[in-house]
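Here it is, the structure in full.
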Amino acid sequence: MQNKEFKLIGQRLFNEGLVAGNFGNMSVRIRGGFLITSNGSFLDEEESLRFVSMDGVPETGASSEWRVHYLSYLSGDAEAIVHAHPPFSIAASLLYNEIIPEDSEGKMFCPLIPVVSGEPGTVELAENISKFLISNKVVIAKGHGTFAKGKDLKEAYLLTSIVEHCCRILYYLGGFGGRSL
Amino acid sequence: MQNKEFKLIGQRLFNEGLVAGNFGNMSVRIRGGFLITSNGSFLDEEESLRFVSMDGVPETGASSEWRVHYLSYLSGDAEAIVHAHPPFSIAASLLYNEIIPEDSEGKMFCPLIPVVSGEPGTVELAENISKFLISNKVVIAKGHGTFAKGKDLKEAYLLTSIVEHCCRILYYLGGFGGRSL
Amino acid sequence: MQNKEFKLIGQRLFNEGLVAGNFGNMSVRIRGGFLITSNGSFLDEEESLRFVSMDGVPETGASSEWRVHYLSYLSGDAEAIVHAHPPFSIAASLLYNEIIPEDSEGKMFCPLIPVVSGEPGTVELAENISKFLISNKVVIAKGHGTFAKGKDLKEAYLLTSIVEHCCRILYYLGGFGGRSL
Amino acid sequence: MQNKEFKLIGQRLFNEGLVAGNFGNMSVRIRGGFLITSNGSFLDEEESLRFVSMDGVPETGASSEWRVHYLSYLSGDAEAIVHAHPPFSIAASLLYNEIIPEDSEGKMFCPLIPVVSGEPGTVELAENISKFLISNKVVIAKGHGTFAKGKDLKEAYLLTSIVEHCCRILYYLGGFGGRSL
């Protein structure tokens, strides 16, 4: 049941180019912890999901970014989290500290998208992201990718899709390089 | 029967990148009103279509943009309407008040593509779009997306595809940012 | 048998973004004439192919561009022809009268890609294309799309794919707009 | 078994746009030599794989680039090799002699991507690539495409995907044309 939803959302993430290779990860809160995709897996294939308890103990093989998910569930209201590597969002995050969309959907759903610093895999990045995810639905880790929360994987995926749409539109409006937001 | 055509056209819209996430909506005129996709649904999945009567009463769960479709059926000759979020078209609409294609297909099928103002979901936008759809086959709501009419979903989808093709070509010709049409 | 190959090549053309909507057409020479896709059909669906005799008489419903194919089979050695609408190629054709690839595959397979003038559907364009296809494997109709010949549909499709690859690389090297070839 | 893995990785290469047409090739080291895709085949279809012995004798129909694979297996530790034609990587390779990624994944997995010279199919290119693949996981043949090694096809594909991701991000940061790395 859980596996099926993970696979369906994973396929959508791939089809829209929001992830590639075996990057990205997803999780859903369950009783006493959360289920997360396994390390190095393809998000569009049937998953062997791993359990992480709210004591912070990950099952062997859990995504190496489990700590970002853990701290976000600990401090915030997320019921699901999607981490993806959308290319326009990543490029924008290397140039700006926050993204202000100009398209209608962006203005409505994420009028200000924070960009968060920290090296992938570090406690620093996990703490920064979880802190921002308390009051934001989606953030971009600078040069790395998006983290979106939702009441389920679908909502977290949709926010990821919207953020990439916003950044793509901003790029087409003149190129990130020659443009200050 | 209806559902199958909605799904097939929805899949084409996704495959060409004309919609992403759960955005966009489609409708077909039937006796006494029209059938429209449900709110928040994925256009490439089997739909639970909703009926809107020509008295302007939408069935629960109808797309939140049902009013644009309603007014367009009321005042014009559309038999089907497709609303999509094609990225090149949206970017172009933020910079120009009308789009003049330079490619052969654009010149033949939509030599002038109007850009229409108004916030998504408002009566103002619905009225503007329906007014333009009387004498135009396709318009772009500024920063939001395309609305195309046709004798069936296929024709409305094809016009959507052509508009995005036109805007993509214009973009490749030098970038929207550094270019006046 | 014929239908299956048309469908497989049509799917590849769609998957690579070389055609969209119901544009593009394909044909294969057979005894006494050639089989061509039908007017307004989707190239990735099972086709109801139409016969055009070498007397120049098209079966009802043949692609409206049958004349380009007809004249090309009449004057040249094509065994199959693919016409597609690849966006980078179309944009490049609006700016240049011939395309000189800079990538290895382009240099090897199509070191000079001619750009041909004429309005789609006219005898003028059909004559220009058929003339160029005598000594070239692939040409671009300005603002319209590619015409490639081959010993079969596969070869004609591969040349189409290479031309778009070449034009895409040229675009990434600096944008068509700010660049003279 | 081997064929199935070749096909699955081939499909991922296509879906991400890392190869198109019938370009690219893949190989896996086995006892006494290696298995390589056949010349002119589509990487996403069931393959008729060909054997090349470590004496340098290719089975008829082996990919015309078998020599690059052969020399790389001879001098290095590759267990599998993937050669693809990713467009952003190819464009970058025409402008720079080495690529320095700015995104997190690039910095982690391939902080310096060498660009190697030589005409496709020549011994010169094969020697250059095999030499660089001793101490690098992935290189780009200038204007031609990527060569990545791994402990299996999956790892070699993932490196290919990362390199294209890196080059795509660099392009979005300002266009290759107006930018020195």
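Note that the chains are named A, B, C and D in the order they appear, and that numbering of residues resets to 1 at the start of each chain.
Criterion: a residue touches a chain if its C-beta (ideal position, glycine included) is under 8 Å from a C-beta of that chain, and two chains touch if they have at least 3 such contacts.
Predicted, not measured: the structure shown is a model, and the values here were computed from it.
**Student:** Please tell me whether the contact surfaces of subunit A and subunit B are same or different in residue numbering, using the over-half criterion.
**Tutor:** Different: when the shared numbers are divided by all numbers used, the fraction is under half.
**Student:** Between copies subunit B and subunit C, what's the superposition rotation on C-alpha atoms, in steps of 5 degrees?
**Tutor:** My answer is 90 degrees for the C-alpha fit.
**Student:** Could you grab the centroid distance between subunit A and subunit B? Build each centroid from C-alpha atoms only and quote it in angstrom.
**Tutor:** So the centroids are 29 Å from each other.
**Student:** What is the distance in Å between the mean C-alpha positions of subunit A and subunit C?
**Tutor:** Their C-alpha centroids are separated by 41 Å.
**Student:** At least two other chains touched by the same residue of subunit D: list those residues.
**Tutor:** 175, 178, in rising order.
**Student:** Considering only which chains touch which, how would you classify the arrangement: line, ring, star, complete or other?
**Tutor:** Its topology is that of a ring.
**Student:** Please give the residue numbers of subunit B that touch subunit A in the complex, ascending.
**Tutor:** The touching residues are 14, 17, 20-23, 85, 87-88, 90-91, 94-95, 119-120, 141, 143-145, 171, 175-178.
**Student:** Going by the contact rule set out above, which residues of subunit A touch subunit B in the complex?
**Tutor:** Touch residues, subunit A against subunit B: 15-16, 102-105, 107-108, 154, 157-158, 161-162, 164-165, 168-169, 172-175, 178-179.
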